[in-house]
Each structure stands twice: as structure tokens, then as C-alpha cells.
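Have a look at this one before I ask anything.
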Amino acid sequence: MQAPATTRDDLAPAASAVLSRLRAQAPRVHCITNSVAQAFTANVLLSVGCVPSMTQSPEEVAGFAAGAQALMINLGTFDAERSAATEIAVQAACANRLPWVLDPVFIDRSAPRAGFARHLLSLKPAVVRLNQAEFVALAGRPSEPAALTAFAREKDLVVALSGATDTVTDGARVAAIANGHALMAKVTAMGCAASALVAACRAVEEDAFRAAAAALLIVGVAGELAAEKAKGPGSFAVAILDTLYGLDGDTLARRAKVT
Amino acid sequence: MQAPATTRDDLAPAASAVLSRLRAQAPRVHCITNSVAQAFTANVLLSVGCVPSMTQSPEEVAGFAAGAQALMINLGTFDAERSAATEIAVQAACANRLPWVLDPVFIDRSAPRAGFARHLLSLKPAVVRLNQAEFVALAGRPSEPAALTAFAREKDLVVALSGATDTVTDGARVAAIANGHALMAKVTAMGCAASALVAACRAVEEDAFRAAAAALLIVGVAGELAAEKAKGPGSFAVAILDTLYGLDGDTLARRAKVT
Amino acid sequence: MQAPATTRDDLAPAASAVLSRLRAQAPRVHCITNSVAQAFTANVLLSVGCVPSMTQSPEEVAGFAAGAQALMINLGTFDAERSAATEIAVQAACANRLPWVLDPVFIDRSAPRAGFARHLLSLKPAVVRLNQAEFVALAGRPSEPAALTAFAREKDLVVALSGATDTVTDGARVAAIANGHALMAKVTAMGCAASALVAACRAVEEDAFRAAAAALLIVGVAGELAAEKAKGPGSFAVAILDTLYGLDGDTLARRAKVT
């Protein structure tokens, strides 16, 4: 069974509405993420109007997670403390029915990390955001369209696969998002920040498929606009924060490339 | 008893003199701060002419603290190692009669962290820099003007309360500082960096009240000037570092809003 | 015995060739570095075309190091986990005959850290990049030219000493590099990022002496070009990433100051 393609007419206005709600509701998003990505991720969340927190102390992470509207788990620094904090935070999210997002960074390069990611899958993330190599390591199958939708159905989650064209699917629907710019791959933590934005969007949008698509559209369109002003990856990283801060819903909807 | 308001005529030239001394003396400032804030905090300190260090290894933090001219403790990442390092660093500061500054980030969201902050108070920080919610959690009373001065007197320290208008008091004197810009809240670690600047100013100014007011004036005026050039939080974070680097004492004194 | 000075005619085209190979080969560079430096270091590596990784979990660092083309060890955060990870990563590098670079940050301010650095020397780094105070702490002798070459010969490594003029020597050859700009000292992690670039250059250049010189020329020339556009340390840090991204080999060779 092939999942039906989702139209631009559905997702572009949905993304615009999600962006408005981010600013109006200023959701708290708790992130357990690698130390390379923390500052940029916090700044991306602040730029779109969210309130980030980043604590990873096992003694207090449950309180932070429970007080947030969404949780993002990024495995980019897979150490003992962060693993323990991740377990606690995800349990707190589950107990409080909070949505959470998994970003299994580099699991293709570390077997223990891949094993932990598979364990976390059993705790029901709303969305898994990852690239092709990470999908192969997580799902044990090639990252073909049919495999993505099958995996999403089996695991009852949304897969958001980054690439030249991003693919988002919940098993029933599938969207291909062609926004973005090559400079995004030249700034560390761009993908990690996108995962945090997925969690933020899910905090203000019950439909995890629409939330994930909205996040990737927001970051992709902001990336294109920022690249127009940038002279390289340094000014690009600055410009994407400025652009996220000032992005209006009409521009977002007009530039959305959903195929 | 109401603490007397301090005039602009006192604090504006004092801030200008402190800024000159920062550049002339280049004090070493050791910071134990959260990993989100480390790089931006170090860059703020470098921009005003200080020499930052950020080590938090329990085995070596005493040496770094003892070799610095001031210490800043930020509780934004409250993990076991940082707690142990904090105890050691503060003891080293006390033993060497070095001033130290406490920034009890987010203690309103974590009871264990609030308990640790209260313990640290007994070790006599020169200044506590915090926001309203953190003051309530620390002092167990509303953040009204009379409560701030009473708390400062009781604990024999300077309270520097951030907000739309900042309040600085040592219990005997009180200053309201109205500089700053809304974009400062859209850049992660801006408050943490301000706390580090309070420590730096205290390193070159014996009067902790004047030192704290000078730091908040420097960062507030720099924030206003940076906002004039910024297109959003990304370019604002860049511009505030440039502005701190180039800020002259006359501009600082002229733009100081002390009421 | 005085080591012969190396000419500009040798090193300038060599640096240009190394820069081309960085972009063509996109080497993986694994860095165990302090948390202050991680994001900027990753962005510097990305800007010149490399693929950085930063994991420091003892359970998985061996795999990351073994899968990289070079390893960089920076002692700026000397905690228990990083020390354990460093041992494992260096052993993995040795077992896989991968070049690795040591940056013994601040060993002049911490005896335990200096002891660890001396232990690491016995594990044969290809290059040690450090400043004068760190050399004195590591080698136990003044940082005079003859001492640098003698130390390089004794330890069978390349010494890359940063300063107003950088000195690079393998004991047989010596180069003085006069590129760079004062603003480089006003951005945190600039030296740490330079060390990572030394590792990256060594990944694509067998001759560790030429690799180290190429890295210092690349970062020094980029610093000079960035300073022409910068208004202070904030815009300088942005501009150096843009410049590294766009730097062409002809400009690099033409501006190289090797004396």
C-alpha cells in the first residue's frame, strides 16, 4: 500500500498557522541534546518565540520535562549522565502525556547508541527526525519511500527524513518538502535545531504529521531566505536566526515547496 | 526603612571608570556555568577585555579559582560534577578572599537546585544576580522593593534583579537601571553573561553595589546600541559583542538610565 | 644545531594544495575538546569542508576515532569522562595508525592537567599546538627557538607554537608564520579550532610539518581577511567562518607570510 501524497494546499497554510501559534503560545520545550548543539538550538527556539530549557541532571530533569509542553531527545552526546537523564525525561513525558521527538544522531556510527535509540522507540516518540544513514541503522532496512511509511505504521510514529528533499510520513500520509539550502549542512547543529523545532511545533499542533512538516517548512524556508543574504556559513547561521524571528506566515506559505 | 535611591550622577561615571579598569587590568574571571552559556559568556568577557576560564573539573578548579580575580557560579547545569566543582571553587574563593557572584538560574523550576542555591548563600557571594521568579524561590518572599533591600541587608550581599527595569541594592542603597532591549531576552545566555560581567566588574571595583550597577549599565547600554544595528536575535548577538568591544566610557555615561 | 628555515616558496603552495585537498576529500576529524570550544570548532571544520564529530563517551569514542581520518585532543575541559575518552581515542588512533594532534590548553595553570599532557606525549601525537606558557609547562624549558627544535627532535613530533608570530618545527625544519590578527585573541576557541584544523590538514598531508604550517597559514590569512570586514570580535567570528568557506588557494598563497 502506498501512502497518499499530501498536497501543498494542506500543509502550507497549516505551517503558517503553526508559526503563529508558536509565537502566541510560547511553548516550553525541554531539550536533552549534545553540548555542541545546545546554544544554537536554544537560539533557534528563542527566535521563533519558544522558551527552551536544556537541563540534563538526572535529579531535576523530570521536573523540567513535566513542566514543558514538549520534549526533544538528541543522542549526539551519548554519555552516562545524558542516557540516565533521557530515560527519566521520557518517562516523565509519558506520564504527563507530553509529546516527545527523537533525533538519533550518528547512530550509524555507534552500535551502542543505535541500541539505545531502538530502546527509546518502544517509549513512543511522536516523531523521529533523522537522515538516511540513521534511518537504515534504526529500521534495519533501506530508506525507500515504502520502507518509511511501513516503519511509521509499524511503530505508530511520524518519520521525518532529512535530505536534499525531506520526507515526512505517518504511514497514512506522506509529504515531500523541497525547501532548504546547501549552507544548512555547513552549520553545526542545524539538524538538531530542526528536531527541537519539530518538538516545538508538536507542542502547538496535535497532528504530529502536520507539526513535523510545519517545522521542516519553517526551517527550510528560513534557510533559503537566509542564504540570499549570507556570504558563507558564519553569516548564514546569523541570518537564519534573524529570519526565523521575522518570518511571516504569508511568506512561509508562499515559498513552501511541497510535492 | 526605605533604602535611599542612588543617583545617575554617581553611577554613570562610576560605570565608565569600571569599564576603563576592565580594559586596563584585564582581570581573570573563572566561571562555572552551564554548557549552553559557556561560549557566549567567554566571548562577552573577552570583548570587554577580561580573561575567562571555564574549567569545572573538581581536581583542578581550585587552582583556576585561586588564580582568578573573581569567580562566577551559574547553576544552569546542575549536575554532580558541577556541584562538586562549585563547592571547591567557592571554598577556594573564600580562602583567597576573592569576590564571587551567584546566578541561580531556574531555581524556580527545580527544588534541589533551589536548595543548593540557599546553601551557597551561606558562603557569602558578593552579588546575587537573578530574575523575579528566582528571587521568590531564593528568598521565599515576593520581589517587592522593600523585600529586596531587606534580603540584601540580612544576607550582607548585593541583589541585582533583572527585569524590564533592573534593580540593584546592597540594603543601604538602591538603583533602578532602565537600559536594555527586548532582543536581549531572545539570545540564550544573555543573563548568564551579564552575571559574569558583574563578577568581572567586582574584580576591578571594591564596592560590590557599584560593580553590579556598572555591569548592568554596560550590558544594557550595549544592548540598546546593538539593537539599533540588528535585524533580529542572530545579528543582535553579534552586534552586542562588537559594541562591548568598542564601547567608550562617554557613551556609556551619557546613555545610562538610572532612576 | 640550528634547524634550517623553511622558505615561503615551499610552504605557500603547499598550504594552497592542502586547502584544495580538504575540500576534495572532506576528511572526518574527531575532536575531544572542551565544551566552550565545541560549536566554534565544528563550524570551522565544516567551513573548510571537513566532517567533524565530537563524541566523548568512553563507550563509543573508539569507534568514532577509528572511523575518522584524524583525531584532535584538547585538554580545555579536563574531567574524568574526557580523560578516559581521551585514552581510548588515542589508543584507537594508534591502533589504526591515524594521526592525532594534542592541544594542551592551560596546562600552565593546572598541574594535574600538565601531568596528563606529558603522559599523552608518550603516545606520539603528530603535532602539539600550544602557546609559550603551555610549552614551558610541557617541556620544562624556555620557549626559545633552539628549545623548540630540540624538543621536537627528542619527542619526534611537530611543535606548532602560537604567538604574535607562530613557529612550526619538526626539529629538522623551522618556519615562522606572521599571519593573523589581534582580534583572533578576542574570540573564544580560536586556538582550539586552529588545532582541529591542524588535525584536518594532517589527514590530507602526510608531512606533519607542512600540515601544521598549512593550518596556521589558512587560519592566519583567514583572520586577516576577516578583520578587514569586522567591527569587533562578534562580526569577526562570523567573518572568519565565511572567509574560510570562500578562501581560494591563490589568495592564501599570495598572502602567506613565512619568514
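As written, the chain order gives the labels A, B and C, with residue 1 at the start of each chain.
Heads up, the rule we're going with is that a residue touches a chain if its C-beta (ideal position, glycine included) is under 8 Å from a C-beta of that chain, and two chains touch if they have at least 3 such contacts.
Values in this document were obtained by computation on a predicted structure and should not be read as measured data.
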Rotational angle, Cα trace of subunit B fitted to subunit C, multiple of 5°: 120
Same or different contact residues where subunit B meets its copy subunit A, judged by the half mark: different
Subunit A-subunit B separation of Cα centroids, rounded to whole Å: 34
Set of subunit B residues in contact with two or more other chains: 35, 39, 237-238
In the complex with subunit C, residue positions of subunit A that touch it: 34-37, 39-40, 76-80, 106, 109-113, 185-189, 230-235, 237-238
Touching residues (chain side subunit B, partner subunit C) in the complex: 35, 38-39, 42-43, 46-47, 52-57, 59-60, 63-64, 67, 81, 237-246
